[in-house]
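Should a chain be cited, it is by its letter among A, B, C and D, assigned in written order, with residues numbered from 1 in that chain.
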Amino acid sequence: MFSFQPDRSQYPDVGPDGKFEIDLETGKFLKLWHGPNHPGITGNMSVELTVNGDEVVEGYTHVGYLHRGFEKLMERRTFIQVFPIVCRVCVPEPDFNEYCYAAAVEELAGIEVPEEANWIRTLILEMGRFNSYMMAMGGIAGALGNGVIGQWMTYVRDLMLDRFEELTGARIYHMFILPGGVRAGLPEGFEARMEEVLQTAERYLDDVEKVLFTNAVFKKRTKGVGYIDPKLFESYGVTGPNARAGGVAKDVRKDSPYLVYDQLSFEVPVEQDSDIWARSIVRYRDLRLTIDLIRQILAKMPKGGEVMTSLPNVLHWKIPRGETYIKGESSRGEYGYYLVTDGSGYPRRVNVRGPSYTHAMALLEHLIPGTNIADVAALMVSLHTYPPEIER
Amino acid sequence: MTFEWIHIAYAALTLFIVINYGMIMTALVRKIGARVGGRYGIPIWQNYIDLAKNIALRSKITHGVMYYLGPVFRLTGGVGLLLFVPTIYGSVMFQNFSYAGDLILALYFVFFGTLGMALGAGESGHPHSAIGVSRGLAQVTAAELPLALGVYAISLQYQTLNITEIVAAQQGSIFNWTLFTNPLTTIAAMFAFVGTMMRSPFDVVLAPQEIPIGPPTEYHSAYLALMQTNRVLFPVAKVVIYMNLFFGGATNWAEFAIKVFAIYMVSVLIGVVYPRFRVEQSIRFFLKWGLPVGILAILTV
Amino acid sequence: MRDLIEKLTPRYTLGNATYQRADLTFVDVTRDELRALLLELRDKEGFTHLVLLTAVDWIEEGKFQLTYMINNREADQTLGLRLYIDRNDAEGDTIHDIWPTAATYQRELREMFGIAFPGSPRVDEEFILEGWTDMPPYRRDFDTLAYSQQTYVEREGRETHDPRATMKHKMYPEG
Amino acid sequence: MKDLDKNFKKDTETEFPLREEMRPRKVTTPDGQVIDIDPLADYFCQEAPKVHRKSYSAIVEGFYNWARANSLWILGFGTGCGAIEMRPLMTPRFDAYRYGIQWRPTPRQANLLVISGYLSVKTLKRAIRAYEQMPQPKFVVGLGSCTINGGMYWDSYNTIKKLDEYLPVDLYIAGCMPRPEALLAGFMELKKIIRKGEAEGANKYAENFDWYKANQKSVIKDWDMPDYSW
């Protein structure tokens, strides 16, 4: 009898556990590497895919292309010498490293930070979050083939980098938050110029909403794709926007307020669908929230006071034995520093807990089987992973 | 039509004009795309420099005979398409080798380049090429269906398979264009047009974020130069067909330039703000929207 | 937090608790009880989120300290479980079936500290380093500068100043 | 900064075993034939690179060099943190497309390899392969202090300290990280070098092939690819 079903005898067999028995030499599978030299990969990492037709049956993340051995290098440096290299752990949002490291050192050494410095730190972190989300918005549109959003977003990010430059003197690596406070206060007229940038950003974001979030093709490509079961959030350590897209309002800023977040009023945006669409829209709304937070901070913060406490002689600075863990809500999820000191002038151990560590490894490997080759890039970008914080 | 040797010189001249026009136009289109993103864009003569650069590269590698022939076939498709279609209506010089049944041959040439490329890229042995080829063939087949139906409807409408006669029937007033006399056919064919221009949302074949960059992954130096030439020639040749069939043809080069640019911009304007479909989504799209419109066009003729 | 530790103390041998902050506590545990303790904390006490798993090399004492940091979001409490294992014959128990992400941490510890985790998936595969034949680099006795000098060619003309001597010279030129 | 451990000796004895998929083996093809496969010999081309002479005519070579200089296709391979400043180059503020600079996703179509920052050993291996796959003439730009002398990572065990030991570098752009303006200035400088006909890195690589390979192999312990992969 004639059947519309294709002849499946040439197709690979499914094993008893519902998975394929992958034997490349049968010729039924193809090994396909995404990365490290691949435009669809977020940074220098690679995903090793085994595909059967257009379907991906297995995927493994490979990292280590960016490994510099930071945690080892920090053990060789005195506490103040660590400070210039910490920010280089994560490129698109370096300030979290500075804050977490500085806060950990301050806690173990018992240093008090002036109130205004805390406000400026919060401002810097929100500005960094703004930049990081801008990259993510451009990335998710770019992964689905819409390059123009990336152009706009990078332009706005450039404007924000100008404000960073005005405040800190550097575009990417600011080295601004150091143990004891921040390097300087706000320059004259900073608020007005910042407001200009924020307004431009809002204008562009309105356009993005029109072009991206009402677009039928975008909806079709993202809705229902890359679904993460909210039950898996705890076991896979999902935090940040990825969890908020699945209805769990996990946000360190709210759950365990640090710096001055308890003095700011905000609601964490939450979506329910837990697919690529929900993760994109959560980022978009979070970006709006960040703009609002920057305004609040600039309006509420004290100005003109002390921003730096005097440190002990940093050449002979010894911190007694102890350990601590400092966390904060980065644009990708919970970012943390685990610092162990042993009474000498050097840290005994610094461990960086980047949110991508769980998102890009175990979670991505769990999500990839069963997706289409075309969706892998979008899936990865929607998880918003940065490889340097996985391997340091 | 009697054949004269001078036709070959005339055809070469057409080819020369169209290639140069294509070079400038595609650069202009890229500039427009850049302006949407807020950039200044490439210099208008960048395509020439890229071409010269690619020819100037010193080392070439090959993967076999078909790998050589792929770009050649592709270019043949473009040149053949152009040469068997009257470029300028009513001009002896730019009539090319148009003859009684040229519409069928044109349809064949539209597909010819893709097939040749598939063979060549397949031999390059890169998985991205192979995936790109299978995607490309599947999508082009689905996308060309409405065009085939549209062409059928047109030949029913004008009772001819000769493009020159079809153009002749559309002369006189703008309302004689197929666009107005038979809008359904035009819509059906425009589905095919947008679908085969390799721009978003139907550019999953090239998709740099997934299979960088599809079939031409392994092509470089002079092979790439050949393909670049085709990339500026083939779209223009294809647009010429659409222009002749649906938009009243062109009677002089100025009209040609404006019409080709306008029709080309249809796919560009759609492409610049749309993400791309997955391959099965785009096939479904053509079967769901393009095909019924095409069938309807035939029924209503 | 003190309540929780006191509640657990009769059933588990918990040593040496450090109350670092109101929301951060460290406590020593033993290897035999680790698994039961983690399961109880996860299922009954709401510590459902594995924040990190890492090691500290106490080379002077001949021990590795494994830190399992778990977090209870509702109560806003973070608990660090310290487990000391022997440095020479370093071996830990895998917890990848409790938290699948732990497999990644264990792969890293295997590679960077040389701590074995029998049974953990893909634990012996290369994770970050490629073609590494030396001792695991995060161990304290691995000297990264010496390794670097012996492996990589350096550009001539690089000057390294000892910060102490330089600062002393700058601030007190007379000595 | 901690002192150097004088007693530390690097392990130079242990050889890294050849990866399993690279070992010679017997394979049964889908149609039942049994064949021997030696991946290193069968999957790759073994030929060494050739020195490609310039054009005989100086005018033609001059024209070619002008075309090469004005059509720089960069391989989109972000090897390190410098990649983040490459992105603004493609976008409205800096727009390098104005100068004929474009990004290509595949090494076959690129002729400028930008090493954007430090190279870990694992990435160095990929960068070498990408470089060798590019068609001649090809150019390398080292970006950031870390490609020049190690920069911030001068004492790291996993990053190379001097890029021109491993790949022929035409130009360095200093800074940590260099700003987009610096990158643009660097590319302009590279254009001048190319137009003068001095950017012959690929030929230098072919001439000193053994030296480069020896350097590369002294760093990459698991050398499981052919000497010249293209």
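Following the convention adopted for this analysis, a contact is a pair of C-beta atoms (placed from the backbone, for glycine too) under 8 Å apart; a residue touches a chain by one contact, two chains touch by 3 or more.
Computed from a prediction, not measured in an experiment: that's the story for all the values here.
Asks: Listed by label, which chains are in contact with chain C and with chain D?
Replies: A
Asks: Rounded to a whole Å, what is the gap between the Cα centroids of chain A and chain B?
Replies: Those two chain centres are 42 Å apart.
Asks: When the C-alpha atoms of chain B and chain D are each averaged to a single point, how far apart are the two points in Å?
Replies: Chain centroid spacing, chain B to chain D, equals 37 Å.
Asks: Express in whole angstrom the distance between the two chain centres, defined as the mean CA positions of chain B and chain C.
Replies: 61
Asks: Any idea how many Å lie between the Cα centroids of chain A and chain C?
Replies: 23
Asks: If you look at chain B, which of its residues touch at least two other chains?
Replies: If we look for residues of chain B contacting two or more partner chains, we find 37-39, 208, 212.
Asks: Multi-chain contacts only, two chains or more: what residues does chain A have there?
Replies: 38-39, 64, 67, 69, 72-73, 75-76, 78, 81, 151, 155
Asks: Which chain D residues sit where two or more other chains touch them?
Replies: 1-2, 91-92, 105, 122, 155-159, in rising order.
Asks: Which pairs of chains touch one another in this structure?
Replies: A-B, A-C, A-D, B-D, C-D
Asks: In their complex, what parts of chain C are in touch with chain A?
Replies: The contact residues of chain C facing chain A are 18, 20-21, 23-24, 26, 48-52, 54-57, 67, 69, 73, 76, 78, 80, 98-101, 103-104, 126-130, 137-138, 140, 142, 144-145, 163-164, 167.
Asks: Okay, in this complex, where on chain C does chain D touch?
Replies: So the residues of chain C in touch with chain D come to 129-135, 137, 141-155, 158, 160, 162-163.
Asks: With touch defined as at the start, can you tell me which chain A residues reach chain B in the complex?
Replies: Going by the criterion above, the answer is residues 30-32, 38-40, 54, 141-148, 151-152, 155, 211-212, 215, 217-218, 220-221, 372-378.
Asks: Can you list the chain D residues touching chain B in their complex?
Replies: 45, 50, 52, 63-64, 67-68, 70-71, 73, 91-92, 95, 97-98, 100, 102, 104-106, 108-109, 111, 135-137, 202, 230
Asks: Would you pull the chain A residues touching chain D in the complex into a rising list?
Replies: 25-28, 36-39, 43-44, 64-69, 72-73, 75-78, 81, 84-85, 88, 91-92, 135, 150-151, 154-155, 157-158, 161, 171-173, 346, 388
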